[in-house]
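Common to both upcoming complexes is subunit A, partnered first by subunit B, then by subunit C.
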Partner chain A sequence: MLEARLSSFLREGQRLQVSAAAVGAVALAVVLLLLPNWLSGYWLRITTSVLMFATLAQAWNIITGFTGYPAFGNTAFFGVGAYALAILVTKAGLGIPAAIVLAGLAAAAFCAVIGLPILRLQGHYFAIATLALSLFVREAAANLGWLTNGAIGIVLPTLASGSPEEITRPYYYLMLLVLVACCACTWWVSVSRFGYGLRSIKADEDAAACFGINTTLSKLVAWVLSAFFTGLAGAVWALWITFIDPQSAFNLAIAVKFSVMALLGGLGTVAGPVLGALLVEVLTQAIWGAFYAVHLAVLGLAIMLIVLLMPGGLMQLLRDRLATAKRLLATPSAKESWR
Partner chain B sequence: MESFQFVVNGLMLGGIYAIVGAGFALVYGVMNVLNVAHGSFIMIGAYLTYWTVTLLGVDPFVTLPASAVALFAFGYLVQRTVISRVLHASIFMTFILTFGLDMFLINAGLVAWGGSYRAVRPSYADDVLIMGGLTIPYVRLVVLVAVVAVIALLLLFMSKTRLGIAIKATALEREAAQLAGVDVKQIDAITFGLSAALAGVAGGLLAVVLPFGPFMGVPLTGKAFTVAVLGGLGSMTGALYGGFVLAFAEIGGVIALGGEWADGIAFIILLVVLVLRPRGLLGKEFFAEVKV
Partner chain C sequence: MAAMLEVRDLTTGYTDVPLIADLSISLAPGEVVALLGANGSGKTTVLRAIMGLLPAWQGRVVFDGQEVTRRAVHERVKAGLVMVPAGRRLFFGLSVEDNLKMGGYLTWESRLLRERMAEVFALFPELGKLRTHLAGKLSGGEQQMVALGRALMARPRALLIDELSLGLAPVVVERLMPAVEKIRNLFGIPVLFVEQDVLRAVELADRAYVLDQGRIAMEGHPKQFAQDRRLIRAYMGV
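Let's turn to the complex of A and B:
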């Protein structure tokens, strides 16, 4: 009797939780859609930058968080996406939407080709190989002048004119669209059979193969998905920044930044990388504004402190807090059932 | 004649890379920590040499032992106060932590010394040795001798002293070393100090050969990473070989394809070595274990 009441109470609680999540998602969507109306040009740019880094961190999460392959060289796909868009728009005269999608596909195709040999490596060897790849692609972009204009770079047309708010607005919505698509894909990965396969590869690749998972194909698909969204973000970034050159498009600092964000947020979760991007980007801007001359040092110290205080990442911290809260709340009823 | 220049430059650059990579590999081997701030230790070493030479007027090569001692103390303290706290966290976390440390050190360098490039020029900077049609700057010869001396000392220390053997034992099998009576926490800090000292010496040598600034360490961390991987991550002797391989590959790339492709060639070689010999040129399997 008591048990039945308890379980129906719990089911009710679960239903409440689900509907609360749905309400929260709708509210978040409305806020994100209306946000450009409330923000100044300065904050709109920062928000767009948060969306971009959230996309990069989330895309990195698919291959690194779920599959366990530290692809620090994902900047290669960011740059390939940016260059593909620039070339398609300026040299082939393609429309913007088609060029963005094709740029993402170009990054994905590039990943599919180089993925097979590189994915044979594991751990740090994989990480350093992806770094070497990204540095090599940068050199190639600098030296293949007939295609990329070499070190001179490519200038792109602007999408909008007017006040700073109006100029940034289209890029904000494009970036938001890319981020939502990337998060939806990551959510699918987190609940699908394919995603469980990826997690088992992370836990033990040999065991996963023994259980009939095609590890090579799974890893490749995970990395190609990651490259696709990274390439899309690179394409929108190129449009936004309106000028790209090899140094800026294949900038390893971007890789360091998005991996810091994903790690601080929490790898292998859907919300973590987005929260991490928000935290780090806002922190960077605040520190930049407050300590111009020593902002690097203060940011460095802040990063060190965050790592020392929560080595498991934000999501781990939240989960621990939530578990503690639940335990505290659950204690009285647990006592009751004992009687 | 050109090939002789090639060999001298390759040996000199390779020796410096070897010293940089060996320190990086030691820390990875003992603590499973990828020290992104390694390049900034090199930067500090370069400035220490610069300031000792400028303020005291001594020969730059005399400053090397002093900056080695100073950086050993600094590395020891950094390990004890910061790095030791995250040894049990995932490797990515130590990666980020040392990245934060790197940012801090670069900014400290900018504030302390400004962003302009500097160079250490001893009184004999322009003197050259002319030998059968070959011209070799004396400075480069002294750097080469210093590099060989440092590598020899390091190898002797690692194979002949109890401390060196304890470091190797800790890298190979931490628990077993502990059972045999090695104070592994102390070894951690000493290894980090030794790695910083090697970086400091490399910085002093680089300061004599090339102009330098607060950001000099960033590409050097990349080289240290490459060298350590070429030699097999975690293997110190492997890194010594890796340093020479990378240097000759870079200089060979410049000669064969021109300066603009040099870095591209180095990265392609790295990729090919990685794909064909993932354990590095000399790495053994257990060195490559990754504890994520």
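Let's turn to the complex of A and C:
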């Protein structure tokens, strides 16, 4: 039923693309599942970090890429997820899986409460309000000592012991699971009626309302989904680094990173934010190794160049190249040779 | 006959100065009504207020016997009150078909969408040939057809049209105007339309209101005041 409805909406070409994407996704899944067997502890940590940032960039993509609301303050939900997990594990003694899911739900619930008033703002005002929100939650975490241990922070138990590879492995798989769930959700957004609604809100909110879209509810659901996955990533991150404090859990530098990644990959696409996260993280490592003293300056320069040379992101670039290739294949005629 | 749409003593505006004040208009089933007036007389504001894009400060909007004054925009659309916005506001990056599909957002069922799309293409045969073209690449007249078609996709029970002729060549308007009549005749949908082009509006409408500085200056059968000096004065703002 669902499939029939779906496929009737996709034209032939799109259907082919979907099946190609499905094959690619399965191959990718196998590689990702086996990857920890081949990587050193160092590269496993970097890969886990790629997975985490890919999740954050993807979650941000739902509210910013699809809906057009620049929620830089998503770090608030990252921190709420991290703290919720730490509190649930150390104070309430909850099991890890339940604590992770509840931490994601806590971030989502927090977003549902503060979302309604903040989503009344648009553009820069919205962006700044979300930044203020993130700072506010950080101060709250620093001052609610009875719950959060204040500036002292919370120490968490480790999940595994042994070699560096063995220690990182469970976090790798947890992060992978969160990323896959987040990408699946984004894919659903990209093909569903709900996602079309979000995109029309991004294009023209008044016009969207005139089609009968409940814009207030759609925006809120989009942000709550974004907060849920951001919170899940924060929860797994807290487990992984085993010590959190307000400075590290509500770190705006994280927002700079995931937004650059999403922009670089391509907003409003499913694969873009993941590609962007991979590129930026690998680039960061390479530059860090090669230019130890000035690596931040070189990284900044690289990002500026990339944004200048491909403002539409990697996905746009790939799509353009693909379209050009198709055109060249379709018309090997006078026109092209004449040029 | 009970009115399909009844606006009673409506007052609203954007800041704290009312742009329209104590405005009352009505639209009967099957009727085509023109809302005329000079630039800045508040025509678009009236339509926005009826849709709920602008909250009413005072007064009531009653649609098909139901009070909708405090309802959200999407609820009014669900009830069957649909607007074609000024300047068309299409999604230029989407195809004609996808733009029409957005108009059917509330249904989103492929069979119904196909049925309704076929109706739109029957009304505007030109669009049928352009269905896979990007809306941004169409001419102004074709875009206006898409905007009208998109509104029809929602199965309106009353249609509000804001400046059909905006930015279009007179020849194009000449071809579009009959579509409004067809919409009424084929689908039996009453239409309230805002128009700058008085002479054309007068030909089309059963009844007309003239808006001046946010108030109804005149109301009546358009032909009877087509030559009226008061209308010319109100319209030209001299």
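The working rule: the second predicted complex is superposed on the first by the 311 of 339 C-alpha atoms of A that agree within 3 Å, B and C clash if a C-alpha of one lies under 4 Å from a C-alpha of the other, contacts with A are read in each partner's own complex, and residues count from 1 in each chain.
Keep this in mind: a contact is a pair of C-beta atoms (placed from the backbone, for glycine too) under 8 Å apart; a residue touches a chain by one contact, two chains touch by 3 or more.
None of the values given here were measured: they were computed from a predicted structure.
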Item to check | Fit or clash between subunit C and subunit B when superposed on subunit A | outcome: fit
Checklist outcome for this item: Counting residues of subunit A touched by each of subunit B and subunit C, the higher count belongs to B
Next on the checklist: Per the contact definition in the header, classify A:R120: touching subunit B only (first), subunit C only (second), both, or neither.
Outcome noted: first
Checklist entry - To the nearest 10 degrees, what angle do the lines from the C-alpha centre of subunit A to those of subunit B and subunit C enclose? => result 80
Checklist entry - Is A:I167 touching the first partner subunit B, the second partner subunit C, both, or neither of them? => result neither
Next on the checklist: Per the contact definition in the header, classify A:N214: touching subunit B only (first), subunit C only (second), both, or neither.
Outcome noted: second
Item to check | subunit B versus subunit C as contact partner of A:L94, first or second or both or neither | outcome: neither
Checklist entry - Between subunit B (first) and subunit C (second), which does A:L318 come into contact with in this model arrangement: first, second, both, or neither? => result neither
Checklist entry - So, does A:S200 touch the first partner subunit B, the second partner subunit C, both, or neither? => result second
Checklist entry - Touch check for A:V180: first (subunit B), second (subunit C), both, or neither? => result neither
Checklist entry - Which partner does A:A132 contact after superposing on A: first (subunit B), second (subunit C), both, neither? => result first
Next on the checklist: After overlaying the two complexes, what is the shortest C-alpha distance between subunit B and subunit C, in Å?
Outcome noted: 11
Checklist outcome for this item: Note: overlapping subunit A surface for subunit B and subunit C spans none
Next on the checklist: So in the complex, the part of subunit A that touches subunit C is made up of which residues?
Outcome noted: 5, 8-9, 193, 196-197, 200, 203-204, 206-207, 209-216
Next on the checklist: So in the complex, the part of subunit A that touches subunit B is made up of which residues?
Outcome noted: 68, 70, 117-118, 120-125, 128-129, 131-133, 135-136, 139-140, 142-143, 256, 259-260, 263-264, 267, 293-297, 299-304, 307-308, 311-312
Item to check | Contact footprint of subunit A on subunit B as seen in their complex | outcome: 34, 82, 85-86, 89-90, 92-93, 95-97, 99-108, 110-111, 222, 225-226, 229, 233, 260-261, 263-264, 267-268, 270-271, 274-275, 278-279, 288-290, 292
Item to check | Interfacial residue positions of subunit C with respect to subunit A in the complex | outcome: 51, 53, 72-74, 77-78, 82-83, 85, 89, 91, 101-103, 105-106, 108-110, 150, 154
